[in-house]
Amino acid sequence: MSSKPYIRLDKNDVAVLLVDHQAGLLSLVRDIDPDKFKNNVLALADMAKYFKLPTVLTTSFETGPNGPLVPELKEMFPDAPYIARPGNINAWDNEDFVKAVKATGKKQLLIAGVVTEVCVAFPALSAIEEGFEVFVVTDASGTFNEITRLAAWDRMSQAGVQLMTWFGAACELHRDWRNDIEGLATLFSNHIPDYRNLMTSYDKLANK
Amino acid sequence: MSSKPYIRLDKNDVAVLLVDHQAGLLSLVRDIDPDKFKNNVLALADMAKYFKLPTVLTTSFETGPNGPLVPELKEMFPDAPYIARPGNINAWDNEDFVKAVKATGKKQLLIAGVVTEVCVAFPALSAIEEGFEVFVVTDASGTFNEITRLAAWDRMSQAGVQLMTWFGAACELHRDWRNDIEGLATLFSNHIPDYRNLMTSYDKLANK
Amino acid sequence: MSSKPYIRLDKNDVAVLLVDHQAGLLSLVRDIDPDKFKNNVLALADMAKYFKLPTVLTTSFETGPNGPLVPELKEMFPDAPYIARPGNINAWDNEDFVKAVKATGKKQLLIAGVVTEVCVAFPALSAIEEGFEVFVVTDASGTFNEITRLAAWDRMSQAGVQLMTWFGAACELHRDWRNDIEGLATLFSNHIPDYRNLMTSYDKLANK
Amino acid sequence: MSSKPYIRLDKNDVAVLLVDHQAGLLSLVRDIDPDKFKNNVLALADMAKYFKLPTVLTTSFETGPNGPLVPELKEMFPDAPYIARPGNINAWDNEDFVKAVKATGKKQLLIAGVVTEVCVAFPALSAIEEGFEVFVVTDASGTFNEITRLAAWDRMSQAGVQLMTWFGAACELHRDWRNDIEGLATLFSNHIPDYRNLMTSYDKLANK
Amino acid sequence: MSSKPYIRLDKNDVAVLLVDHQAGLLSLVRDIDPDKFKNNVLALADMAKYFKLPTVLTTSFETGPNGPLVPELKEMFPDAPYIARPGNINAWDNEDFVKAVKATGKKQLLIAGVVTEVCVAFPALSAIEEGFEVFVVTDASGTFNEITRLAAWDRMSQAGVQLMTWFGAACELHRDWRNDIEGLATLFSNHIPDYRNLMTSYDKLANK
Amino acid sequence: MSSKPYIRLDKNDVAVLLVDHQAGLLSLVRDIDPDKFKNNVLALADMAKYFKLPTVLTTSFETGPNGPLVPELKEMFPDAPYIARPGNINAWDNEDFVKAVKATGKKQLLIAGVVTEVCVAFPALSAIEEGFEVFVVTDASGTFNEITRLAAWDRMSQAGVQLMTWFGAACELHRDWRNDIEGLATLFSNHIPDYRNLMTSYDKLANK
Amino acid sequence: MSSKPYIRLDKNDVAVLLVDHQAGLLSLVRDIDPDKFKNNVLALADMAKYFKLPTVLTTSFETGPNGPLVPELKEMFPDAPYIARPGNINAWDNEDFVKAVKATGKKQLLIAGVVTEVCVAFPALSAIEEGFEVFVVTDASGTFNEITRLAAWDRMSQAGVQLMTWFGAACELHRDWRNDIEGLATLFSNHIPDYRNLMTSYDKLANK
Amino acid sequence: MSSKPYIRLDKNDVAVLLVDHQAGLLSLVRDIDPDKFKNNVLALADMAKYFKLPTVLTTSFETGPNGPLVPELKEMFPDAPYIARPGNINAWDNEDFVKAVKATGKKQLLIAGVVTEVCVAFPALSAIEEGFEVFVVTDASGTFNEITRLAAWDRMSQAGVQLMTWFGAACELHRDWRNDIEGLATLFSNHIPDYRNLMTSYDKLANK
């Protein structure tokens, strides 16, 4: 077993791409329960804000049935580049999108979107081809069912994409609780009910 | 098939009992995903407030490992009777609790709690015995696993408890959208992501 | 074990009630896969037409996010009573709906709708109270998840509702293949892929 | 809790009805894995033979796509009444079938068939109405999916049918191992791999 | 909805029947994971000891492949009546067993065993017939699969058996934490890892 | 992480191979629900037609129990090469088939069939060996159960096959909605009920 | 995507290794239902006999609780090398076993056993290291649960093992139905109930 | 298929790293049932002790809500290096931890922890980078759900980590039952109920 470099998320090197989390398209997502999926997407967005990661928003054909970007994301990133693609299905086929990504100056991309095998996999594979280090946030990406998810994962993984989750990404970015205990704890408390409960019980006792 | 009266929730006749939603006990709940369960409990609480239903809070041994009531519930019902039971496992064995319930003057009880087969089933069965009409909010009640849930449901159902969910209860209480379209829509939008998405898409188009 | 009368569907005594199969509400249905659910609803509709059962259509607040009735149902029953309820959540609370049901002159009601614990259970329980024999088509009725479905089933079953499926109902209505072999076979072929395959193989061999 | 008589299978009072286990119809069964289902049906048949229970075979429209009775059953019961129904879906609507059942002179009926909500439930409900004690062998009865199975179970159970499985029925019929240890052990060894393995290990050690 | 008496477990009125938890038969149990099932059975046994409930042990044909009673149970109840049934499948068909049960002088029976639809259901139904109040500990009773479990539950429930779990039973017996906090906490800590973890965290903080 | 070329479907370079979707063989497919599977296969066929992809049909031993090709596919591709293999299990072992494939002049193959680990995997692995770029449409390929599916996926993926789904393939082929909005929308509307509902609601509002 | 040779099973190059299918160890297998697993193992054995593949049997510590080899396998391969390993857990650590394998003169090994991550994975990895082409029959290999199975698959796959199933292996070995239609059909009929049913229906019609 | 060396666990070369099995963090683990997970962790610990493998314990921020190390582990390894990390999330970022690992002088690391994608995956990837042979004990490592587990497995597997389970590791370490039959049997009997039952039945018969 030869050694292999551990390419890990570095908060100075990461841009976040949120692809097609649109009100209509979300009704297609059936591989993750809607309560959980909503929470995961908002957790990822909170994480991006918390680490001040440059974030690029994009939508596909949002004036049609795909619907508008979910309002929470728009509100959280008022100044982020927002590319409403008029037709390109693969966001990477859209020049403005690629420009916006490259303008971040980052070489690591953290991608999530709807649906996984299209809106996530296509730009992920394109970005790999261009030499980016690509990490997909699997649990903030949704699709029709487990078969479509696992097939998409396999295709991306074979191409070199690293499969992550929002919690794993947050931990890899933060590195050390001492960098900011309260900030990370708040992020977790807001999006992991079990963690919030631990903190509630802890606070009661610690402050007694 | 003989006719059978339809005993339905009447917002003028209902009291809500929230039993033992405590930070520690919640870690025991594994029959519903924590993101979803948290949402269901808060949805029930929002519903109780929205319909101005008298609500009784109670906890079991909250100074020990069971932990404090989850803070959101305390904050939402600052003036509700709050019975911190020193030891009675069945809330109905606690005189103060029964007094608080009876003081609401309601004959229909909507009960939810943790864990289903104990904190919910015991007072539900006691209340049936005393002639109350009892409705259990199954999806805001949690327990160890599916076996414990289904066994508890069967015991309660055989005794005459009606098994409901928070959404069903809200609809039965509201009766008619025209009573307050916006209020009910807000309740649903806040707790049903799929409904929220429908509204987002609708609003965009309706207001174009 | 005492004998109990078998109250069975009689095609001369049955009316079909299709409640709130609306384009928006359908995105809430997550206890049955969408391909299967669509098939089940259309199968029930085809069955109603095939047996010439009087059918009543109704929708809830269809000008809002709940969306319009799915077009296929409108097209299949152009002359059926169609009650677009302006606000009543329980269709039975709407006088026009009840009138339309009673105008059919039938005493057996076959009900399906979205969502099960509300749009189906409420009118089912109301109709039981008025002495109708009520049969719910469980697999043409959808809801949020298994917990909401099973709780709704229990409530309806305890009240005397008979839980059916579209295939069971079709068989109970038809009674004897000899009444019309081709008609029933076509209904099954169009909605049960496994049956269709049996027929395909059979026809090839039988006609060789 | 008042006492309730325990109506149990008595091998002197039982007839077995095998309804529509036909080669074509079996492809509709998807609520039980085919290896397991085949085993369960053959186990029930072996059990009927072992206890010398009068058995009635029937099929529905076997010259069409429903296909012939599975050959194993025909071979195991060469002398059993065999009613190839020309069209009646409910076997109990067929006079010859009812005559054959009544000719057994038994008052307890053990029924299994394909599919559960039709070929099993319809004659089960008819037989209840006529005062028979009806036991359904749930695991030798198959249907489309879990929803159709559970709805059928509920309908039958509410009418007074007792839900059994082949193993439970065998044990209730046998009453005491001492009546014939080897016979019952052989039945179990042939149809319960875990039991067979226990016996294999036991025999090796006991005979060493 | 008429009132219905709540028949609850009373530690002065309960006997525990442990039926056929034998080393061989346990390999048949596949509806509950073996780690969990072993824990549930031992938890029930600990509970019986903790509440000093008279306990009756019985086995079926233990010199054959069914195997010996699991040693832990023998060791925990060295003085309990132990009826090694030579052949009766329904323990209630064995006179010594019934005598032992009646000798406890209790009218409430808490029954668990392997397998659910036979070793538990048969004596449960017999005891109901004789006027006992019967409670089945569903999660300390195991069987082949979910179908066999649910069918057995339905049969028992329709006859008046109350479906419980070991935790629910322990809570109903104890009534009030103040009767013995440490004793009950120890029982839970030994058999509910989540509870144990709560206590570990609590103790660390409370004693700091 | 080195860059890796993104080999994507190009509608000018793709041939579609539909292998053994025969009426008999389809009864073997139990890893995908039959309603869904039928829809997926027809969606893939519609897609092939929509993009005018050269399509090759083949069957295995269709005069025997495997049964005829499902009639819909024959009707949709009346002029496609149709190789009824007299015996070769791996279609690639049949010279006519390989000739037909090569005659398309395409270097990318999109393969689906029944059953996945045989009729799909064998020609996929053969085609890889000959230098084709191979994409398997996983959700239009069916097999016995999840174990057989996942084992087949692993074998194909390790050999370089890209695992796709019909929706992902359609999106990758189309590239840009502006190429033909209505055409793609119709394809999706006909095979994705959730998408159809979005369009229904959208059209109602957009055209008001 | 570079071409990659398709290493396929060749009936002239294959030896079958059946590792530790012992009566005791089989009770550990819980990732596949016992009826199905038994069928899969016997199907693999029948296949080995049908293709006259040299077969090696081995057991681990069979005089202890692991129990004897299941008798069916012994009877089917009376002349096969049978290595009762006195202690080596990895069969490949046993010289006699390796000698027996090498004595077959085959370079392709088809391995199945209990439990997957040990009795199968260890010799599979050893054989890969020695240059054999290794194919594991996943569905005739069993283990504790899905986690243990998937971890074992991943380890073997990464090392170059090809994951197969008994049906896939049979098809790859047979190559062409015309080599012997009846023989292969009998194998499938005996072990695939759905295939058997197809043949039953076919024969009835074809011979009418 | 080229040969590939089989890198297997060698008890002289292995160190065990137990990462963050803390009372609070354990409430986050929901991909494995708590009874089973507790058993797996203790089994791994027993195994480490049994093989006298140098073991390193570490915790993350144990004075906060993450809670203390579960007491059983502390008690089992009183003399093991214990690194209570003040903040590093990746244990490998902590110098003391790495020193302790390197001080063992082993080149194979067997890692388990909570949660899998963070506390296990991060140090596993770091150790791979430094040239260690890394084996993850998947079933003694827990996380939020199946998606997070499978994503973590894929990331680790692609980097060269070998995915194991405690039972597989124990067998690979032991090599030959004859090294110590009783020791290994005791380990298995204490943590595998099915194995324990085999031994119980065996002992009864063997000693008769």
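Going by the order they are written in, the chains are A, B, C, D, E, F, G and H; count residues from 1 in each one.
Heads up, the rule we're going with is that contacts are C-beta pairs under 8 Å (C-beta built on N, C-alpha and C of every residue); 3 or more make two chains touch, one makes a residue touch a chain.
The structure presented is a predicted model; accordingly, all values stated were derived computationally and were not measured.
Considering every other chain in turn, the ones in contact with both chain B and chain C prove to be A, F. Measuring from the averaged C-alpha position of chain A to that of chain F gives a distance of 30 Å. If you average the Cα atoms of chain F and of chain H, the two centres end up 43 Å apart. Within chain H, contacts with two or more other chains are made by residues 24, 27, 30, 33-34, 65, 67, 162, 192, 194, 197-198, 201-202. Contact between chains, as defined at the top, is found for A-B, A-C, A-E, A-F, A-H, B-C, B-E, B-F, B-H, C-D, C-F, C-G, D-E, D-F, D-G, D-H, E-G, E-H, F-G, G-H.
By the touch rule above, chain F contacts chain D in their complex via residues 27, 30, 33-34, 145.
Against chain E, in their complex, chain D makes its touches with residues 1-6, 8, 32, 138-139, 153, 157, 162-165, 167-168, 171-172, 174-179, 181, 185, 192, 194-195, 197-199, 201-202.
Of all residues in chain A, those touching chain E in their complex are 198, 201-202, 205-206.
Here chain H touches chain A in the complex through residues 7, 24, 27-28, 30, 60-61, 64-67, 86-90, 93, 115, 117-118, 121-122, 125-126, 128-131, 133-134, 144, 147-148, 150-152, 154-155, 158-160, 162, going by the rule given at the top.
If you check the complex, the residues on chain F that touch chain C are 23-24, 26-27, 33-39, 65, 67-68, 70-71, 192-194, 196-198, 200-201, 204.
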